[in-house]
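Take this structure first; my questions come after.
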Amino acid sequence: MTRVDVTEHVLDAKRRLGLTWKAIAAALGDASPVFYTAALLGHQMLTVDEAKKAGTLLDLDEEMALLLAEPPEERGATQMMPPSDPLVYRFYELVQGYGPTWKQLINEEFGDGIMSAIDFNMQIEREPDPKGDRVKITMSGKFLPYKRF
Amino acid sequence: MTRVDVTEHVLDAKRRLGLTWKAIAAALGDASPVFYTAALLGHQMLTVDEAKKAGTLLDLDEEMALLLAEPPEERGATQMMPPSDPLVYRFYELVQGYGPTWKQLINEEFGDGIMSAIDFNMQIEREPDPKGDRVKITMSGKFLPYKRF
Amino acid sequence: MTRVDVTEHVLDAKRRLGLTWKAIAAALGDASPVFYTAALLGHQMLTVDEAKKAGTLLDLDEEMALLLAEPPEERGATQMMPPSDPLVYRFYELVQGYGPTWKQLINEEFGDGIMSAIDFNMQIEREPDPKGDRVKITMSGKFLPYKRF
Amino acid sequence: MTRVDVTEHVLDAKRRLGLTWKAIAAALGDASPVFYTAALLGHQMLTVDEAKKAGTLLDLDEEMALLLAEPPEERGATQMMPPSDPLVYRFYELVQGYGPTWKQLINEEFGDGIMSAIDFNMQIEREPDPKGDRVKITMSGKFLPYKRF
Amino acid sequence: MTRVDVTEHVLDAKRRLGLTWKAIAAALGDASPVFYTAALLGHQMLTVDEAKKAGTLLDLDEEMALLLAEPPEERGATQMMPPSDPLVYRFYELVQGYGPTWKQLINEEFGDGIMSAIDFNMQIEREPDPKGDRVKITMSGKFLPYKRF
Amino acid sequence: MTRVDVTEHVLDAKRRLGLTWKAIAAALGDASPVFYTAALLGHQMLTVDEAKKAGTLLDLDEEMALLLAEPPEERGATQMMPPSDPLVYRFYELVQGYGPTWKQLINEEFGDGIMSAIDFNMQIEREPDPKGDRVKITMSGKFLPYKRF
Amino acid sequence: MTRVDVTEHVLDAKRRLGLTWKAIAAALGDASPVFYTAALLGHQMLTVDEAKKAGTLLDLDEEMALLLAEPPEERGATQMMPPSDPLVYRFYELVQGYGPTWKQLINEEFGDGIMSAIDFNMQIEREPDPKGDRVKITMSGKFLPYKRF
Amino acid sequence: MTRVDVTEHVLDAKRRLGLTWKAIAAALGDASPVFYTAALLGHQMLTVDEAKKAGTLLDLDEEMALLLAEPPEERGATQMMPPSDPLVYRFYELVQGYGPTWKQLINEEFGDGIMSAIDFNMQIEREPDPKGDRVKITMSGKFLPYKRF
Amino acid sequence: MTRVDVTEHVLDAKRRLGLTWKAIAAALGDASPVFYTAALLGHQMLTVDEAKKAGTLLDLDEEMALLLAEPPEERGATQMMPPSDPLVYRFYELVQGYGPTWKQLINEEFGDGIMSAIDFNMQIEREPDPKGDRVKITMSGKFLPYKRF
Amino acid sequence: MTRVDVTEHVLDAKRRLGLTWKAIAAALGDASPVFYTAALLGHQMLTVDEAKKAGTLLDLDEEMALLLAEPPEERGATQMMPPSDPLVYRFYELVQGYGPTWKQLINEEFGDGIMSAIDFNMQIEREPDPKGDRVKITMSGKFLPYKRF
């Protein structure tokens, strides 16, 4: 039994029960829909309490529910790289295209270091626009300076 | 002569002249520092007027300056994938980790389609934080629905 | 249950029932055979109504039929790249051979931007020719200019 | 001296002389701009006569001009695969996404075989559209049936 | 059910029944053993009549037999590249070693074009030799010139 | 100085002097044009005598000529794999498609072993055909049985 | 049923029955333990007589035993390359490190050609050494000169 | 200046001066030709005294000679993997084919551990044989048991 | 039955029984938790006695328990490389970033050779720190000098 | 001018001047030899003052010295992955072999998160041992817990 198996059950139950990620997130607790979706897809860990709620909501057996409260094994392993799906590929393309720009501007502003992908949060919003609504993604990661030693 | 050669000259001149990307951006026009940095690194195109200003500011010969006003050839070709540099790799990691989450949430909110990486803009900001300042990146891309035909 | 499973059932049913893609397309609605074939193979999404018709026509159970009305997960994941099959490889070869030409001519005609693969349609026709009939493929994608920001 | 070197000289001369591919094509002969552009970028061969005209027009020395009338060595070798440039990548994405559809529909219409990429031609046109002009690409390749033996 | 499944059944039946490819080929029709072996291994298509004979001879159920009369899906997908098996690797090595020679000599003799791998046939023979018998392979493919357009 | 450098000089001289591979082969000795072309492109070794003739014929300096009489270093290293050039790719495709067939038929005829790619020869001929001339390639390699030990 | 399946059964039976490779080899015939181990792991072929003995010794059903007397399909396919296991990786490392040395010294001693990996044998021995026993591997392969043609 | 540069000079001087590896080895000291050849090709380190002798013998300037007495940087980096050259590829093939056999037999004889590729030596000899001389390679590496901790 | 299967059972039992690696290690013997965890995950071998204890503790059947006392097959095969999981990737990144530094400093201190990964041990500790606790990893591997021969 | 160029100059000067990394480190400041070596090889950044000292010590021109005080571009880009050099490969092997163990034990001790490779330090020491001295490497990285959001 792995998180990959749990993800499959989650997706099947969500479809069968006609649930949305927003509704699931609201039922689980105070964290954001991005966080809860990521957790149910194997990229974050729920609290034991949230995991139990998720188990009830999504018809998971106890072992599956428990797994959701453990650190996910092999984060990222289910995502093909480069991504074949156009929606995900566009983000890959942004990394390939804007990588050098991020490097230059973050170094200029903060000095030598990186944006953490662990002490990190993200929001996804709809940005209404008369020419066609936009997807707005806001990321915030702690700046981590390289330490001298 | 290619954009890669121009980028090399830009970086050398920037160092020699002690310029910052912000200062260069301010000298070139009204677009954002992200846009101008990306353009000088080969991911966007300047107007002829901006290209001339960049040529003067950064000691580029005329052919180089002109190239900056042409569509860049082979966007993304200089960025190793997967990126070896930790700063850029963290973004790659976000794609690998959050790819399935983006797919689910954008599809749930907008239907079947993608966030454009072309009709797209991005900001990079410092987010002051007592526990350590943060890098804030805001992306906005037009939602493009798959067309039936 | 994933779209890959549905595709398998679709192909088995199509063979068992002696159906053609054209006949299936005609039974589903007004969109083109290319669109409906792509949808049944996991690259497009049907309306709920079409999905139900497809379910009836191709003996799919309800969950499978429903999946056809959802955004496909991991578009493109079943196609080996480079393609080993000669029919599909020839298209890969065209990208490798004509990529630089497309880049130059589309940029010359439209400026800096891309042909959308999302706001896109395609037709496949038989072009009778005394020296041997030809496959005619017509693609049309919206030109998307890079946005300044 | 290789075709890659010639391509570099062609691109430099085109920029220096302010020429367009359309103008170059018109000066060389009756074939299409797609064909001539492909030839000058190393994917097709010119006649000796056209090669001489190209040499004069684009300031190539005699050896370079001659090379344009030889079969190009290593077609496709300059195009990164997968393409990093978004314009070319979209075509790669079409192969990945529509490959199975092409296979099914061409086999259904023509039987077992392929669309030739050699006995092949292509047009690129602007398709005016009030919602934004479109890139229209028409490909025509001879159907080649697998031979029994 | 795919051709890969059929191939597995064919190989099992051939072993169980103690058949040879030559005997199978002779039982199926007038085409060559190379052609029939390739067809039963998923690289060619049988006629409906041959497919039925193959089904009877090799104990295939009706669906399997039918599949043999369809264009094979994903030709080449079962062959690892580079091939790990020494027998097949030697051919890969010939491509790597003689590729440039084929290119030069075929272009010199025929002009710019390729040898078709579709309008193609092949024979495999034993060539008796006192120093050790030899494998003789004769390939013949139609020359296809690049078309101007 | 490596064989790759010599190959470049050979190709330049051949073009400059308007020579054909057939003419060069005839001038060098009794071996076949395939052999001499392969040797001049870095896949075979000439005798010292032939190497000197090649040096004179193709304006090579003494060190270059000498290199042609040494075992080539890194055979195959200049051929991209998979080959991007369509002419060479078709042979790669034959390996991918017919690999399993070669394995079965050679094993059936000869037992467990391989066709040598070293004790090997090859001919390339034009096969006139009213429907379009054909490229005929005849390969003959010694069968090498696996030895028990 | 493939040799991979047989290998699995062999390994399970060997463990269950507490056999060693040496004991198995001694029971099968006069060839070396290296040969018999390779055969049971899918890299060599047994005689029908040896295969029957192996079947009896290792509780294989008749079809499995028979497969051991056939040329193995896809030699090498189960070995990951580069090998992740340190024992096997060290040999890969020797190829990477000593490849150029082998090339130079074998060519110097024998002329242009290769050491056969088919007409080949190998021994593995324990070499007692006060500083720690050593693994001694002796390989012998027929020198095969490139043939002129 | 790197070992790769030195190797190039060594090979050029060896050819120009008509030296053999055996003669060079004899001139340098008491170690084996395999060792000295490996050292001059960048896989081993000479003593300072040997390096000076090599410098004199092969016309290397002082910096180059000195480099030969330093630990080589990036051992193995010049050897393509998989090797395209047939001589080196056969060794790669042996790893792929006999990897599982080495693993089983070394573990059976010595327990869990590896054959060292560092405390290692190798000989290459001509083994006369009426059916064709053979290349004999003897390797000896210290057995290193995994340590418990 | 392979070590991969055993690992799966171990992980399932550990979760079901609410055990920690520390507790398991303490129950098995005197070696370190790192060693026992590595052994249960397929990278080290237990003694027969420890394997039996592990079998009892973790509800493994006898064959599984026995496998734990055998040299693991294909060490490392379950770890994706590059690792997608951020925790493991950071170590990969250290190799990519500090590789050249390790090479220079170990060579400077010890001469030409390597740090053994076989005669090797490792500890993982919590290092309390007011600014956030740290992971402390201590590795110790025997220095192995390249042997002259 | 890039850090790669500076590294080359540093290595040449170090050899020419007969310096050791320890001596260079002592001359530059109070940080550790590991840190200074990493900085001079392109993985860390010096202070302006240290960079000037390095410039004087190692005969670098001013631009080169300045580059040492800038964030290195493309950390890790010069290290081949997988590493071909045995010294560096052993660390890669440790990641492949111990990756799952690190994941389990760090998660057990600290919860879900990673060891930072940025807020990180490392020491390399000689550990005297009668059976052969050992390389001791101590790493310490801040534990970074995944943040909920």
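Each chain gets a letter, A, B, C, D, E, F, G, H, I and J, in the order it is written, and its residues are counted from 1.
Going forward, contacts are C-beta pairs under 8 Å (C-beta built on N, C-alpha and C of every residue); 3 or more make two chains touch, one makes a residue touch a chain.
Fair warning: this is a prediction, and the values are worked out from it, not measured in the lab.
Chemist: Determine the set of chains touching subunit E that also touch subunit J.
Modeler: G, H
Chemist: Where the centres are mean C-alpha positions, what is the separation of subunit B from subunit H, in Å?
Modeler: Roughly 47 Å, centre to centre.
Chemist: Averaging over Cα atoms per chain, report the distance between subunit D and subunit F in Å.
Modeler: Measuring from centre to centre gives 29 Å for this pair.
Chemist: Check each residue of subunit J and list the ones that touch at least two other chains.
Modeler: 34, 70, 73, 75-76, 79, 81-82, 84-86, 93, 96-97, 103, 107, 113-114, 116-118, 120, 122, 144
Chemist: Judged by the touch rule stated earlier, which pairs of chains are there in contact?
Modeler: The set of touching chain pairs is A-B, A-C, A-D, A-I, A-J, B-C, B-D, B-I, B-J, C-D, C-E, C-F, D-E, D-F, E-F, E-G, E-H, F-G, F-H, G-H, G-I, G-J, H-I, H-J, I-J.
Chemist: Give every residue of subunit G touching subunit H within the complex, in rising order.
Modeler: Going through subunit G, the ones touching subunit H are 20-22, 33-34, 37-38, 41-43, 75-76, 78-79, 81-83, 85-88, 90-110, 113-117, 120, 122, 124, 126-127, 129, 131-144.
Chemist: Going by the contact rule at the top, pick out the subunit C residues touching subunit F in the complex.
Modeler: Residue positions touching the partner: 82, 84, 86, 89, 93, 96-97.
Chemist: Across the complex, what residues on subunit G touch subunit F?
Modeler: Going through subunit G, the ones touching subunit F are 31-32, 34-35, 44-45, 70-73, 103, 107, 111-114, 116, 118-122, 144-149.
Chemist: Please give the residue numbers of subunit C that touch subunit A in the complex, ascending.
Modeler: 1, 63, 66-67, 70, 73-77, 79, 81, 117-118
Chemist: Once bound in the complex, which stretches of subunit G touch subunit I?
Modeler: Listed in rising order, the residues of subunit G that touch subunit I are 12, 15-16, 80, 84-86.
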